[in-house]
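Consider the two complexes below, in which chain A is the common component and chain B and chain C are the respective partners.
On to the complex of A and B.
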């Protein structure tokens, strides 16, 4: 309980900072910080595998990709300007609303008391793996197909146009 | 007269044996030597009736301090050995002024680094500029904590050691980005872009080649992976993963990817000094610069240690009769060999170009690494005999040859045509 009380305000602050900061790189780094602290939160409740995977996927993967995209595109102040447009606000709310709704619904259903109190939620990795790859195989496969589609789409976007004029200096 | 003396002697011997049996663990054996500081601290804390959490905390802190101390010493030594080795390869002497054979050179370097002026560029963001070198050392030290160095020397026995290793390793990328961006300068930025793209690309073959080991060992704990490589085939061939067809290929992929992950020559593009000054470290000086090097070398130790754990049998001795030598000596012997190999590669190969680097990762390393996973499964279910040796080797060799031929014919870098600089 104590780690939760310490960490959750910090996570909130970092997340708010990620939203409010005008410079995109600061926002991205604060987002990485918030995600890393969520991973620490998982570790403190004994969900070691989830915590480490959260760290690996979100801090090492997602945050780095965001940062890398920023590095390549170098958005200047116009990014902050885009963020202030009303249409951006509507888009953001449209993205947030379903997640918030789901969260509120889950909270309104209430936590299972006996799970929150006392019981050690430690889950062996083997049980997690069996659940994923024996009982939930269709979901895993669907996610795999989705990611492959995304990868192919990204490769299509990144492909150089065929009839590009030759740059003068080097090949 | 003699008989009572004899009885007394026997009783004394028996009571000594009984005492040894009761305490079970003698304080100092060769095997447990590295854990001596930890146990001394724990015993001292218990002697003053400290609460249990304090005892375990003190023990852990001492264990961590032991690992950090050992590897910082190794870092200092390596910085000298590397310069000496490079000098030998280039037919010169290397550092030879400070002490015999330049043995005091690391001390001199340390003093130089500490007393240098610490420059923060005016366009830099001072906090992030300060944060980056700290963030680059932390994951390396954390990663060193989960590696089993010996039968009894395992600083943090973690169930998910391998996942932990890779998870903290990703922090390095964030640190490199922060370093490059916070310096507020062009060269660090370019260096950070190169470094991150290189690390992302080579992390994939690194993790995939570790995957097959995890699959066959059936555990993510590093000590479990070492234990799975115990024993000998035919009485003298150690059952290390590197000595199986899939393990050999995965091990070589791991070695190359580890070399690239730790930004060492020939993959030292992020800090290629003849191209972009020093990459993300350009705007750093003094001790912050030294911290980058410390992080890099500690990371090299960590990733070599992981490679030894995964493929070279960790602390397992190479021959059956050698169990009497403390196991951590075997680990550090293997570490020395692997590190020397890295030095050798550094002296031998020239730096490659960024497009060659990416092409090599995505078109050569990742397909071959992916192939080791099904081949490892085949190895497991085909009996591990002579026939499965042939089968697995053939399955691995044929795509390798095809990829190499394609690579050489179509994708190999052609000679550049310079239009202006002729």
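On to the complex of A and C.
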């Protein structure tokens, strides 16, 4: 319980920075920090395997991918990102506040009072592997096909076109 | 005290932060950042209910998290590839400038 109480505000602060920071690279690095701390949270609640997977895939893969995309696209108009218009802020808050209200209301009212203290203190990795490769083989195969398709598709998208089209004149 | 409400509140706030980023950011890559936050919020929910919610030992929550992480990685790769392609055409990742289909 104590580690959760320490970790939760840190995760929220890092996520708030990722949402609020005007500079894209700072936002991406704070996202990496938030994802790493979520991995630590998984480690502390006993899901070590999931925590390590989260660390490798999100921190090592997705966050680095985002940083590289930022480096490649090099947003020259960072000023545009700084000048977040007040109207969009108000609209964003107006959309987000009811969602947060509903979620918190559901948490305060909808949970069973006698929620179990936890019948699953540790994640049994061997049982998880058996579950994956004995009972959910079609899903594993489908994810494999999806990842292959993504690999081919992303390579096709990112390929430099043979005959480069002229970029349209900026407005 | 049962930590389940704490974890659920954490995941709600993370989800809302991600939603706010998606709604207000103008850089397409930073919108992907918001989507990643929302996916992580959902994963925290799965783990929280697996650990503190269910009375019997089952592995549905961690299984869902594994699949969700794999699909999130695929989504990030495809999203960034699309953004790179858009950037190559318009020299910008600002979504407000992608209005060539605007009537």
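Here is the rule we go by: the second predicted complex is superposed on the first by the 116 of 171 C-alpha atoms of A that agree within 3 Å, B and C clash if a C-alpha of one lies under 4 Å from a C-alpha of the other, contacts with A are read in each partner's own complex, and residues count from 1 in each chain.
Just so we're on the same page, a residue touches a chain if its C-beta (ideal position, glycine included) is under 8 Å from a C-beta of that chain, and two chains touch if they have at least 3 such contacts.
Just so we're clear, the structure is a prediction, and the values are computed from it rather than from any experiment.
> Which partner chains sit in contact with A:61 here, chain B, chain C, both or neither? Use first/second/both/neither.
Both partners, chain B and chain C.
> Contact-wise, after the overlay, does A:141 reach chain B, chain C, both or neither (first, second, both, neither)?
neither
> Just chain B (first), just chain C (second), both, or neither: which does A:29 touch?
first
> Just checking: does A:71 make contact with chain B only, chain C only, both, or neither of them? Give me first, second, both or neither.
The first partner, chain B, only.
> In the overlay, answer first, second, both or neither for which of chain B and chain C A:53 touches.
Both partners, chain B and chain C.
> Between chain B and chain C, whom does A:19 touch in the aligned arrangement: first, second, both, or neither?
second
> Just checking: does A:152 make contact with chain B only, chain C only, both, or neither of them? Give me first, second, both or neither.
neither
> Between chain B and chain C, which one contacts more residues of chain A in the superposed model?
Chain A has more residues touched by C than by the other partner.
> For chain A, which residues belong to both interfaces, chain B and chain C?
The answer is residues 49, 53, 61, 72, 168, 170-171 of chain A.
> Inside the complex, what are the residues of chain C that reach chain A?
Contact set of chain C toward chain A: 1-10, 12-21, 23-27, 29-30, 32-34, 36-37, 40, 43-44, 47-48, 50-59, 62-63, 65-67, 69-74, 76-78, 80-85, 87-94, 96-97, 100.
> Using the touch rule from the top, collect the residues of chain A that touch chain B in their complex.
Per the stated touch rule, the residues are 25, 29, 32, 48-49, 52-53, 55-56, 59-61, 63-64, 67-68, 71-72, 125, 168-171.
> Could you list, by residue number, the parts of chain B that touch chain A in their complex?
Those residues of chain B that touch chain A are 128, 159-160, 163-164, 166-171, 173-174, 177-178, 181, 189, 192-193, 196-197, 200, 220, 414, 416-420.
> Can you name the residues of chain A that touch chain C in the complex?
Going through chain A, the ones touching chain C are 1, 4-5, 8, 11-12, 15-16, 18-19, 24, 27-28, 31, 34-35, 38, 41-42, 45-47, 49-50, 53-54, 57-58, 61-62, 65-66, 69-70, 72-73, 75, 77, 80-81, 84, 88-89, 91-93, 95-96, 99-100, 103-104, 107-108, 111, 115-121, 123-124, 127-128, 131-132, 136, 139, 143, 146-147, 150-151, 153-154, 157-158, 161, 165, 167-168, 170-171.
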